[in-house]
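See structure below.
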Amino acid sequence: MGTSYNYFSVTTAAFVAHVEINRPSKLNAFCEAMWLEMRRVFQHLSTDPDVRVVVLSGAGDRAFTAGLDVQEASQGTALKPGETEDPGRRAIKLKRYIEEFQDCITAVEKCEKPVICVLHGISLGLAIDIACTADVRICARDTRLAVKEVDIGMAADIGTLARLPKIVSSQSWVKDVCLSAREFGASEAAAVGFVSQVHESKAAALDATMKLAGLIASKSPIAVQGTKELLNHARDHSVEDNLKYTAVWNGAALQAPDMMGALLSVRSKRKSTFEKL
Amino acid sequence: MGTSYNYFSVTTAAFVAHVEINRPSKLNAFCEAMWLEMRRVFQHLSTDPDVRVVVLSGAGDRAFTAGLDVQEASQGTALKPGETEDPGRRAIKLKRYIEEFQDCITAVEKCEKPVICVLHGISLGLAIDIACTADVRICARDTRLAVKEVDIGMAADIGTLARLPKIVSSQSWVKDVCLSAREFGASEAAAVGFVSQVHESKAAALDATMKLAGLIASKSPIAVQGTKELLNHARDHSVEDNLKYTAVWNGAALQAPDMMGALLSVRSKRKSTFEKL
Amino acid sequence: MGTSYNYFSVTTAAFVAHVEINRPSKLNAFCEAMWLEMRRVFQHLSTDPDVRVVVLSGAGDRAFTAGLDVQEASQGTALKPGETEDPGRRAIKLKRYIEEFQDCITAVEKCEKPVICVLHGISLGLAIDIACTADVRICARDTRLAVKEVDIGMAADIGTLARLPKIVSSQSWVKDVCLSAREFGASEAAAVGFVSQVHESKAAALDATMKLAGLIASKSPIAVQGTKELLNHARDHSVEDNLKYTAVWNGAALQAPDMMGALLSVRSKRKSTFEKL
Amino acid sequence: MGTSYNYFSVTTAAFVAHVEINRPSKLNAFCEAMWLEMRRVFQHLSTDPDVRVVVLSGAGDRAFTAGLDVQEASQGTALKPGETEDPGRRAIKLKRYIEEFQDCITAVEKCEKPVICVLHGISLGLAIDIACTADVRICARDTRLAVKEVDIGMAADIGTLARLPKIVSSQSWVKDVCLSAREFGASEAAAVGFVSQVHESKAAALDATMKLAGLIASKSPIAVQGTKELLNHARDHSVEDNLKYTAVWNGAALQAPDMMGALLSVRSKRKSTFEKL
Amino acid sequence: MGTSYNYFSVTTAAFVAHVEINRPSKLNAFCEAMWLEMRRVFQHLSTDPDVRVVVLSGAGDRAFTAGLDVQEASQGTALKPGETEDPGRRAIKLKRYIEEFQDCITAVEKCEKPVICVLHGISLGLAIDIACTADVRICARDTRLAVKEVDIGMAADIGTLARLPKIVSSQSWVKDVCLSAREFGASEAAAVGFVSQVHESKAAALDATMKLAGLIASKSPIAVQGTKELLNHARDHSVEDNLKYTAVWNGAALQAPDMMGALLSVRSKRKSTFEKL
Amino acid sequence: MGTSYNYFSVTTAAFVAHVEINRPSKLNAFCEAMWLEMRRVFQHLSTDPDVRVVVLSGAGDRAFTAGLDVQEASQGTALKPGETEDPGRRAIKLKRYIEEFQDCITAVEKCEKPVICVLHGISLGLAIDIACTADVRICARDTRLAVKEVDIGMAADIGTLARLPKIVSSQSWVKDVCLSAREFGASEAAAVGFVSQVHESKAAALDATMKLAGLIASKSPIAVQGTKELLNHARDHSVEDNLKYTAVWNGAALQAPDMMGALLSVRSKRKSTFEKL
């Protein structure tokens, strides 16, 4: 709607924006331009008043994303040392490069609207980094997941190691898949709580996601966006800190008319509408 | 015993106190006087030497609690702005109100004795806030749970968003139920680890709870209360901080005669008794 | 290989070190000399360039470890007050003793190489403290586990209460087993995510562990050891702090030739070898 | 005004409340009833809309306070062990007692209105604990200060060791006065930044304090109370955390009309008045 | 040099960039476009290899900056509520606006090169926010400073309250100037450690600053930029966390040839040169 | 007494241990063996019951210490890369080396007894790292201090950047001396609070130090050592965390007879003696 992108298709209807990673010929693998663009996409949606929920999926049948476009990466200059560059200076430049990359992926987490990620098919490496920044993860039966980075000789550095241990249950499982880089499927992902729904096909997963997205989009955006913010704050703060932050947050938020509207709608059993946000 | 309350019945036997939310005619819904009273109940039990474990349940067949007494809330003055009050001053007053409310619920967590919460029937909104402050959660098959706040136009602000992500496994599930306000049942609650036992009826759940409470009450109160304190400390501190705090804690606690008593009882296979605390 | 120990047997092959707790006549129960020695074992392995993965198990059929050697503990002087020692001074001395003990067990966590712990048979008390410091936990069907400390009149102080709540899912379950000291078996341990594999026998568990250890040992040690370090850092830091630490870490680590080597090996489908670390 | 107290005199005029510690016959030494009462005083002032600034001083010429009433303390039961009480249980009871005491003193810090503390004469032990919880400290030339606790065989436990290192400059000085218990005077207190003004007499110090209190009381209470809250938050949080908390805080506070009122008054050079808070 | 700006003049020589706030006709007061531009200025300098130190000052004789351009602010739409906007939604929008503003000022702190701020004349409100993000502060005798925000009815929200308590000594002084909004001069600023040098005139202050900047610019940029980063990290982390971060940082940085070069130059007493960074 | 060292002389009298850095022929410069030995010295003193205060000074007239023995460092193998070592592996090895070095210096801070550091003459680089770990710093008029590391092409990594900003007042000054490596003298050190006393000569400084050490040694060791521990804890924790830790600490410590003894001695005006610790 208006904004157009090279690697992403974004369509919005009934307050739900659907973002598709759109490079199916390359299994939706990410080149540098793509992650820079993904940041712009989510920064825009974050404050777009016509959007209340974002659905993120991958175009095509085969892959959510195969991860980093290794071919492009190995041809690019980013990871190649300059002629006379010493290891100390090179480390600073690599650090800058990694931080920029991290920041692009973190933009999904910082999006003020809830993001539901739909995984299917090949979902390797960067796929996990990205999925970890979403609020809810839903997948198709055929999803093939792996924290693949160890297999290309590196520790994952774009977010998986920071977030994965905080969104699933078993640290024994987290260490297992991160150290061995082995593949795991939809059932295993559900068993450890990485995804909260598994569906028979990508289509079925998308359908269920759209239903959930629609349900959330029908609620007060003041309530929904506050809930996302307060849950994200909880992850990295003590219970007491979060309670205090919450009290300040709701000191303002409860002054919106949404609560009154929602209460009336509960009593009248009619659907209430809410102002944009 | 001795102390009597308006909205709670408290009975103590064999070191186990049973606290019942006692307003079944209103599905145990909470008015302001109730949460203020609940704080007094748990502050008293916290240091009552005749109590070693607390069981918390709801009176009647239908509900643990239906949550906030919305009718009372909408008639009360607490959430209504004064005539000429500006949004800045109103925010401060709402913050004070929320913090007082939070403090009453946190009193359950701060109780020095372990608290086991028995859920059954309708268990909505505030039910989750309260259950999250207990140490162990056990429920009946018929329990209907929901983080209901989004449905009344607000982000939960009494503790659910601060504590729920830290007591269950899957953050995908936490975001799902908190953003959608959808109901979930006993099996789902068990699958994600919110409750650790499900029983066929409220009566069966209470029986099993009393058995567990009795088992814990038979142990050294120095050991049991220390374990609760150290686990709660662990939630909000690093491993290293907790190890240091633990070493200082046990520097005193190990000077109680309980360890010697317990060791003797293990050898003699006789039940040991422990001094009150 | 070279270094020899009194209570542990250590054998290394193909970059995998196998550490056995070796006091089967006492069900591998720990006396003070053992935990002091265990620290030396893991400090050595931490920087031994011939080791990339460590497997930790207990000798004999009956027990990983029965925990603290209570008999030795009650005869020793460590826990007995001096004649005229007042409770204030005694608390300081107990604190020093506990901190030294904690430090010995923490040495397993600080080992720079991944540690896989294989549990079988009797695995009580200290067994849980130790298992919690490993990266991956695998067990045999016959494993009998318990956070036993409450039964000997004390709150666990060597690491279980600090780490267990951070490596499994359900806090309701954690409080249950820590407060009641009740036994739980392999299936329950798997269900809550404490272990990530259960096998029919100790032998089968060891086989599977060796396979996993071999797989991890075949990867780049720069990638594997970085992954362990960054995941451990994530546990006690915010996502943002971890991302920053990661960027600095990989600023150096990505300058190793391992990434290039691994990429070539992926393309050529030949196994790559990596320099020692 | 209205409320009356046993050990404190409280008078309010022009939005400034003056709280006097009023037990001059005992050099304003604190018995247990006094600190319990002090908590009630400050909890009341915290939300009293007629109060915008609080001044805290000691009645009489000789002392702000001589600290703990040691005589009462040694006669009381609080610090005496029960007949058969073991050191483990006794430690828990002492901990409860200390925490209650700490909470009473912390009530000064939690008071939403700025508190200016005027020190004079004897100001020992508890005097420092209390002064550390105020926002601004002003003293008379004759003030004699000491972190006296080491001289009575204990480490200060009511707040000095927690707060003093965070409110003055030199940690070498903090350790010196806390470890040696030596006295220091007004000039030294000013040099290290413990007090921000020194005056020739108690009367002169009170005069200057009332002038400062009046100046602050003439400002927008939304601005003043927000400033206190945000500065206190800054002490225990990272810069980034504080910036985020501030943005949420001012999201509501800037909706008060005070900013517009203050801007108009700046332009018209007339004094503006502000609504109560 | 190349890049040109509307409100800032930037000149670079001998590795020192001089940034001047350049709107002297308005006493260098900040409109929104200016803080957005200031972020671009410092983001550019942060990685410009020809820059090793940045000097920040205000053009003209009268002011470093008079702070916010209040006239523009009161005409702009940013702080005015929309027609039908409720306080809840308005709070979110104000929060977004404040966070963007904060981010622009924080860009000075995030600049990888040391920033020395030269204050003179009128230096109010935003002047303090900005100065607090610099590494070193130097001022002219005529500097007139004030944390002015309380006088316009608001708590400072762009960084002063987050950073000022962490860069000077006396919290009694910090609370005094922040709550009263009173002016203070160069001597007082030096006495509390806000500035580390005072000079007779702006010209003299700039001269001394350029000398210090030149000295720092003559050192190894690997050493200097590492020192800035590690000191900034120290502010918001524990000593232990900082030591660990430092060890990882220098693991790479010590591989630069700068140490060898510097040691040789010390011995040969010749000035060494260092590669760009 | 008993224990003897190669690079340190340690003499103990009247509960005060005097540790001298004893390599005056090399201006007390540190080679690797020295910092390893210094750790052993302070680990021993930490629990030696005959020691209540430690004084640390440098032998000879010319230097406390000239810092790192650069000659030895440049000949040693520690900082030289292996033939074929890549920058990734080299970074890990440097990190291990730095962490070991840091740990040796941190041993001074971890010593349970207060440490007073006496500085004189040349006190460069490592001198600051070491002095920062002491509790109190006292210096002679002739002391010449510098955070020298930037001059040898590196950011200080043994503790100065972690601790210096937390023990003095002005961050503008901290950044100035750390970024420029310029020398500063006794008066400047006193003005910013780095040292708390300046004396005319090394002899006078030592005399004054011994007097202070004797005063502290005459107090209850339970009180003194608790005070050190609680102040060190305060530095890296929130006020609330520290208050809680303090309450647990004193729950045990107040059970020592020292308080009663000290109170009696205050009344009888006779010097009390205390049991060893």
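By letter and in written order, the chains are A, B, C, D, E and F; residue numbering begins at 1 in each of them.
Here is the rule we go by: a contact is a pair of C-beta atoms (placed from the backbone, for glycine too) under 8 Å apart; a residue touches a chain by one contact, two chains touch by 3 or more.
None of these values were measured; they are calculated from a predicted model.
K.L.:
Taking only the C-alpha atoms, how many degrees of rotation bring chain A onto chain B, rounded to the nearest 5?
P.N.:
Roughly 120 degrees of rotation.
K.L.:
Copies chain D, chain F: same or different interface, half of numbers shared as the threshold?
P.N.:
On the two sides of the chain F and chain D interface, the residue numbers are mostly different, under half being shared.
K.L.:
Looking at C-D and D-E, which pair shares more C-beta contacts?
P.N.:
Contact tally favours D-E.
K.L.:
If you average the Cα atoms of chain B and of chain E to get two centres, how far apart are those centres in Å?
P.N.:
48
K.L.:
Distance from the CA centroid of chain C to that of chain F, rounded to the nearest Å?
P.N.:
The answer is 34 Å.
K.L.:
Find every residue in chain E that makes contact with two or more other chains and list them.
P.N.:
87, 90-92, 166, 169-170, 192-193, 222, 235, 240, 248-249, 251-256, 258
K.L.:
Where on chain A is chain E touching in the complex?
P.N.:
Within the complex, chain A touches chain E at residues 47, 84, 86-89, 91-92, 96, 222, 225, 252-258, 275, 277.
K.L.:
Chain D touches which residues of chain C in the complex?
P.N.:
87, 90-91, 240
K.L.:
Hey, which residues of chain A end up touching chain D in the complex?
P.N.:
Its residues touching chain D are 237, 241, 245, 248-249, 251-252, 255.
K.L.:
Show me the residue ranges of chain E that touch chain F in the complex, using the header's touch definition.
P.N.:
114, 135-137, 166-170, 192-196, 212, 215-216, 219-220, 222-224, 226-231, 234-235, 238-240, 242-244, 246-256, 258-263, 266, 274
K.L.:
Which residues of chain F touch chain E in their complex?
P.N.:
Residues of chain F touching chain E: 70, 74, 79, 81, 87, 90-92, 94-95, 98-99, 102, 106, 149-157, 159, 161-163, 165-166, 169-176, 178-182, 192-193, 235-236.
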